[in-house]
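In what follows, structures are represented as structure tokens.
One chain, chain A, appears in both complexes that follow, with chain B as partner in the first and chain C in the second.
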Partner chain A sequence: MTTVSETKWVGRAIRRREDPRLLAGKGKYIGDITLPGTTYVHLVRSTHAHARIRNIDTTKAENYPGVVAVVTGEEVAAAMKPMLVPSIIPRLGGELQIPTVYPLAIDKVLWVGDPIVAIIAENKYIAEDAAQLVEIEYEPLPVLEDPEEALKSDSPKIHEDWKSNVLWHGELGDGDVEKAFREADYILSERFYGHRTGCAPLETRGAVASYDDFTGLTLYINSQRPHILRMALSQILNIPHDKVRVIAPKDVGGAFGTKAPIYREDLLICYLAMKLKRPVKWIENRMESLMTIGQERDQIHYLELAVRKDGKILGLRDRIIADVGDGRTGVYLGFVMPWLGAAYLTNAFDIPNVHIDLSCVVTNKPCLSPSRAFGEFPARFAMDYALHLVARELNLDPRDVFEKNIIKKFPYVTATGITHDSGDYVGAFKTLLEALDYDRVKQEQKEARKNGRLIGVGFAMGAEMSGIGSQVFVAMENQPGYGSATVKIDTHGMVQVLEGDSPQGQGHETTIAQAVADELGVNIDDIYISYGDTFATPFASGTLGNRGASYTVSAAVLACRKLKTKIQKIAAYLLGIESDSEEFIFANREVIWKKDNSKRVSLDDIADVAIMAPTKLPPGMEAGLEATAYFEANIASMLSIGVHGAVVEVNPKTGDYKILRYVVVDDCGVPINPMLVRGQVHGGVVMGIGNTRYEKYIYDEAGQPLCTTLMEYHMPSAADVPDIEVIEYNVPTPYTPLGTKGKGEGVPGPVPATLASAITDAIDRPGFKLLNLPLTPESIWRALNEDK
Partner chain B sequence: MYPAPISEYFAPSTLEECLDLLDQYGNQAKILAGGQSLIPLLKLRMADAPIIIDINRVIELQEFGEKFLESGNRVLRIGALTRHKTLASHPLVLSKYPIISDAAKYIGDVQIRNRGTIGGSLVHADPAADLPVPILVLDSTLRLVSKDGERTFSADEFFLGLMMTVIEPNEILAHIDIPSPQPGTGAAYYKYSAVFGDFAIISIGARITLQDGICQSSRIYLGGVNPRPQRAVETEEFLNGKTITSEILQKATDVMVEEVIVESDMRASDTFRKVLLKQYGFDVLSKAVQRAKEEQI
Partner chain C sequence: MHPLQDVQKPGVEGTKTIQVRVNGQIYKREVPIRMLLVDFLREELGLTGTHVGCSVEGRCGACTIVLNGNNVKSCLLLAVQADGADILTVEGLGEPDNLHPIQEGFWEKHGLQCGYCTPGMMMSVYNLLKVNPHPSVAEIREALVGNICRCTGYEHIIEAVQYAADRIAAMPKEERDKLFSY
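Coming up: the complex of A and B.
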């Protein structure tokens, strides 16, 4: 007889159920979806960063054989509401100026890549040929690239009807900051800069739309949040909700946040399908992708810390200036990321007195779009690296400075209003130092120095969001935070789970199945997961912000538990037992009475009764075996901690550095599948290293993007990154049914401060500091030679 | 990122057919070798090729090995279609011409090295490409053929500037001949790039001939620094006739950093490129000297 613990799936590093089809090249991505009669779109985009459009001549393009239609901005705008409808405008207080947004530029372009004309043709080659025949006359306007320039009152205004170039301004914080600074023994005051970088998913954006008057609009799109998009489409396009169906494909080739917003192209493709009554397909090319999405970070922090001489931080002041680009991408408007960066600025530290002034400034660049470590990447760099600078300044061991300031009591609410639910941050931190063998490395550092080798050790922390509860999310993005799932046992006793989120590589087919298998005592192969289709799945906000393991898995577990109550009643009835229902064990596809193991019914028999032979059900019981649950944690938000440490060797002659060790101590509550957690940590660290050292979206003074292919936007490959050691340090959260929390979203966050502090420790020269990302060898060489 | 219309695709199997086609279509035609530069350019519409002549089946362009010329001189002949992979790993290269492997083995990634050819790389003449530097350092000759006949250029004559060479639209690069080195010759190459397998921020190639510890002759070229690999003539002059010590190599590096004209781009500033040259110049020279002792170029 199989015991319950032998059948336990949660906690096992089983292989991903998704991988066989992906490895065999049988994944179904947006690019694989083509409907009969499909037409193809190519967009003519602005070659100027800021200009008035004087004239658009599309005649030649229209006459090119194979062109179906050529469409310009006014026509599209006339068919819909301005895109930023109230339901997708964040309500975060402060002062917000909202741009008027339509899919195509009408009389003005605001960045290189701003879409102006859509060419629709019988195939994608023709569409691109014809695009080259469109003639656009521009009248160039002054280009604003520097947000601090754009802030000046005499600066030209990018959105002419605004009173300034500030899209959002507001303040965050609490406590008596003045007093903290008055009582400080030392005040650290520095300007930190985190450059424009983020991510570049292997699969670019893409959409296929079709329309007919009876079924309405169907949009296949590799969105992270099909339900939210559906709602917005219905409102913006004035189509009844029942006539808008959004379907995210089964496989999405990575998103990292970039596929969460509501983009102008999404609306355009829908409009074109409605106009032409033919399916329309658009797949963003790599150049468009690098010109449009994945650009995040881009924050300047004027950070001040009020410090007691033992290293305790009494207060924090920060003035943040974020370059949000044109601010015209829906839901986030480019400013929700820096806002969250500010809200999470104090990271894992107990800093009671905080005042943050945040200005989100528009420039002639594409709008910021979310990227893994949402808004936090530059903030973590500033905060954690500042703690190292404090230690250096006060001649303290940085490990003591960290320990002194790490949050110790839970739940903890930061001065910016973020709730840390539970955990053992100090324990995780100490585990890292042990794993690094900190004292020995410091010893080795001294010896190496004698031989002219510069070795350094550094560390940083990241308290990453693990989903955001409705209490916060409703205000932040006008959306619920709950997780939702429907669990159905079918006529063959197999279990279907329908989730409202829409994964892009997170492995939900594996992890949700592991949790459900344990709940219902079935085999993982008995479970199939469905997602992406808004006509079939329960409403939810989408796969983002580490919601999966915390919220969505929990919803699936709760749905199972609802179902289990009914199943136990049926079992008791069939077995002829007087039972109080919760007296059964679910194992090995059987429902077993705890009081007498011989009394058992197979799940198949119960499904058969409930679905196919309802006459055998207890009198009065409703037929069917399905339940839907919406999970909301009984706390405003959950966070999961990661502590990163690195040992580096620096070549002082060139500023080049080598990562000798990279260690992550990681808490995700309960790992549903430790292999997937490790994968998330590995991927997150690699992205963090890429963002810290190699990747940068560069613009010249005229606002021309210089990194429009992967030959210029340098992402590291396996050969560029070190071995990443991962140590689990899990503290189950009491706020989810299984104790699970999310992991992966915030992992890149601690990387820049980890590397910056390690490099600074290796150089170990008074006054040497690295205040600007990226940390390229040249930038380090410059820092070394400037302070000489 | 789809190419402009391509009206004809030819895949001839003899050199003669190739030359006929080139003669017929001239400027309209583009030769397709490994496609690792041409295809991206076509997709970006930075190049236009109504006619494609795929040379991958042409046997005459696939020679590889040592041979004796009529003059009696022995050369390493590398057919234009020789793949980067062969140059990176062929036993003959590894044992006798390791500088070529130094350069070829870090070109792009495995897929690119499997497809990319030396002919394509040299004709494409990217200033930050890897193969031009060792080809220059080894005083190679390049054979161009066309309907009109054959032309032979030294590598130094072949490269004109940024992605420009002496080749005419009706010509094809057939092969490269690398002369046998004098006894006591060694050579080495190193590239510094932003990410692994990327184009060079700087690259350095050096060849040194030693006799009794004295430098008889030398050849040094630097890649990635400006529109064409640049010869470090003063450094060569500095080295020639000197007894090679580590101190001399250090000084030679300084001369090299001093003489080279470097440009800035977004990968690195001119100053930083000089920092890199200073750091790695010495290593490359030392390695060439070490190989000279082992008779490896």
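Coming up: the complex of A and C.
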């Protein structure tokens, strides 16, 4: 007989169940979905960063053979409400000015790439041809590219009906900051800048919509949040909710946050399908994608730290200016990310007195869209690198400064109101230093220096969110934070799990099945996971923010536990024993009585009775074996720690640097599948290295984007990055049924401070600091030559 | 030139009949002369395992195939240029119950997350292992510069390639040759 522990699936590095189809080239991505009679959309986008549209001439395009329709902004706007309906506007206090948004520009364009005209044609080649025939006359307006310029009271208003260019302004913090600064032995005061970069996935956005008068609108879209999108579509387009079905494809080619918003194109494609009564397909091309999505970060921090001479941080003041672009992308409006970056600014440190003033300013660039390490990338850079600068200034070992300030007691609530649930942050930090062999590296550094080689070691903390409970999420995004799942045992004793989230490579078909297999004592192959279709899955707020392992898996576990109560009653009845439920073990597809394990019933028999032969059920019991659960952790939010460390060698002549080692000590509570966790960490670090060293969305003074191809926006290839070492340091959280937490979302966050501190340590020259991202050989060379 | 004015000349018309062998099967089709090879594979032949990740710039590698023994980016060729060619796409690499060792390596070592880069990536690995059965880590990294993966950080991809190389090295020569017949 197999024992329970032998059949345990959680914690095992099994290979993924989604992989066979992907490896065979049989994945189903949005680009692979084409309905009979499909038409294709190509968008004509603004070539100006800020201009009035004087005239649009579409005649030639309309007459081009194969063109089905040419549509401009007013027509689309007349068919719907302004897109920012109340249910998708965050309520974060402060002062918010809300732009009016429609899918296509009407009389003004606000950034290069702003969509103006939609061409719909019989095939995509024709649509692209005809797009070249549209003539648009512009009257250029002054372009605002610099958020600090845009803040000035005399600068032109991008949204003319606003009183300033500030989309959101507010303050966060708590404690007696004045006192902390009065009592400080040393005050660090620096301006840090985290540039515009982000997480462009390999698959761009895409949508296929169809409409008929009876079933209504069906939208296939590679969205991270199909349920939220469905709700918004119904409200904006004034269609009854039952006539809007959103389906995320089985396979999505990465998202990292960028596919979470409600984009203008989403509404446009729906409108076109409704207008034409033919399926409409739009696949964003890479150039559009680099001009529109995945642009994040872009924060200036005027950060001040009040420090005691032993390195203890007494207080923090920060004035943050975020460049949110045009601020017109739904749900987040470009400001929720910097807000969260501010709320999580103090990271894994115990800083009781904090005051943060955050201004989110609109400019003539595309709206910020979420990118993994949501708002935190520049914030982590400023905070953790500042601690290293403090150590240098006070002649302390940065290791001591970190240790002194790291949160030690849990749960811990930051001065900005963020709850850290549990963990051992100091333990993880010490494990990193051991893994780096810190003392030996410092020794080697001295030796190397004698030979003219500059070696340095650096580190940073990353406390990443692991889902956010409704307590916070309702205010933040006007949406629930719970996880939800339905578990059904079918007529063949197979287990179906339905989740309302829609993964993009995270491996839910494997991890959720691992958790459910343990709960129900079945084999992983007995489980199938369904997701993506809003007509068939419970409401959920989407696959984002590390919600999967913390919230969604927990909901699936709770749903199993609800079912188990019923199953045990049926088992007791069939076995003819008097038993309270909870007296059975679930293993090997059997339900076994703990008191006498010869008394057992197979799950198949129970399913058969409950579904096919309900006459055999205990009298009065309802037929069927299915349960839905909504999981809410009994705490405002959970975080999981990742401590990053790097050893680098810098060439002082060129500013170039080589990462000799990159190590991450990682906690995700209980890893459901350690191999998948490692994969998340590797990918997150490399994305962080890309963002720190190679990737930057550059704009010239006229607001023209200079990085619209992957040649110019350089995502790292295998040859650009080092090996990443991952060390597990897991502390189960008491707040989820299995102790699991999410992992992956925040991993890029600690990378820039890790590399900046390592490079600074290598250079080791008084006054040398790296206050601006990205950290390119050029920027380092400049910093080196500035302070000479 | 402005990126948005990167025009394709309208009115490129005409078709041509081409014959290609894809994954061992011969196809004869009349295609528009300006149709990209990647669109031909995906839309005409329904082989959607070959992906598109960039705007025909040849940078992302998601569309990589093997054509007459060489790795090519199928977004950079016209279908008519492939007339007479012998092509391998991911669909021809292995069977679901008889995976190619490269596919096994990716599965075993978690060399994919979203899977979007994977078909193209495996095509590059195919040509690497064909000529270099025992690549070093540095050689693997170099061989994959034309394929961007945004999810995995490459670490597990490298392990996947090493796993495949070991599996293949343990096979008798005839079997090995069969694995690399393109």
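Going forward, the second predicted complex is superposed on the first by the 788 of 788 C-alpha atoms of A that agree within 3 Å, B and C clash if a C-alpha of one lies under 4 Å from a C-alpha of the other, contacts with A are read in each partner's own complex, and residues count from 1 in each chain.
Simple rule for what comes next: a residue touches a chain if its C-beta (ideal position, glycine included) is under 8 Å from a C-beta of that chain, and two chains touch if they have at least 3 such contacts.
Nothing here was measured: the structure is a model prediction, and the numbers come from that model.
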* Applying the touch criterion given at the start, work out whether A:Asp310 contacts chain B, chain C, both or neither, answering first, second, both or neither. => neither
A:Asp212 in the overlay: touching chain B, chain C, both, or neither? Say first, second, both or neither.
neither
With both complexes superposed on chain A, which partner does A:Asp525 reach: first (chain B), second (chain C), both or neither?
neither
Exercise. Where does A:Arg45 make contact in the superposed view: on chain B (first), on chain C (second), on both, or on neither?
Worked result: second
Figure out whether A:Leu676 sits in contact with chain B (first) or chain C (second), or with both, or with neither.
second
Return first, second, both or neither, reflecting whether A:Glu128 touches chain B, chain C, both chains, or no partner chain.
both
Name the contact category of A:Ser717: first (chain B only), second (chain C only), both, or neither. both
_Between chain B and chain C, whom does A:Arg286 touch in the aligned arrangement: first, second, both, or neither?_
both
Of chain B and chain C, the partner touching more residues of chain A is C
Residues on chain A touched by both chain B and chain C 125, 128-129, 132, 285-287, 709, 711, 715-717, 719
Contacts from chain C onto chain A in the complex sit at residues 2-8, 10-11, 32, 34-35, 42-43, 47-55, 57, 59-60, 62, 89-91, 93-94, 96, 99, 103, 106-108, 110, 112-119, 122, 137, 140-142, 144-158
Residue set of chain A touching chain B in the complex reads 124-125, 128-129, 132, 285-287, 651, 653-654, 694, 698, 706, 709, 711-712, 714-717, 719-720, 777-778, 781
Interface with chain A, chain B side, in the complex: residues 1-5, 40, 44-45, 109, 194-199, 266, 268-269, 272, 275-276, 278-279
In their shared complex, chain C is touched by residues of chain A numbered 15-16, 18-20, 22-27, 29, 31-32, 34, 45, 47, 64, 112-113, 125, 128-130, 132-133, 199-204, 251-254, 256, 283, 285-287, 291, 504-507, 675-676, 678-679, 681-687, 704-705, 708-711, 715-719, 721, 723-724
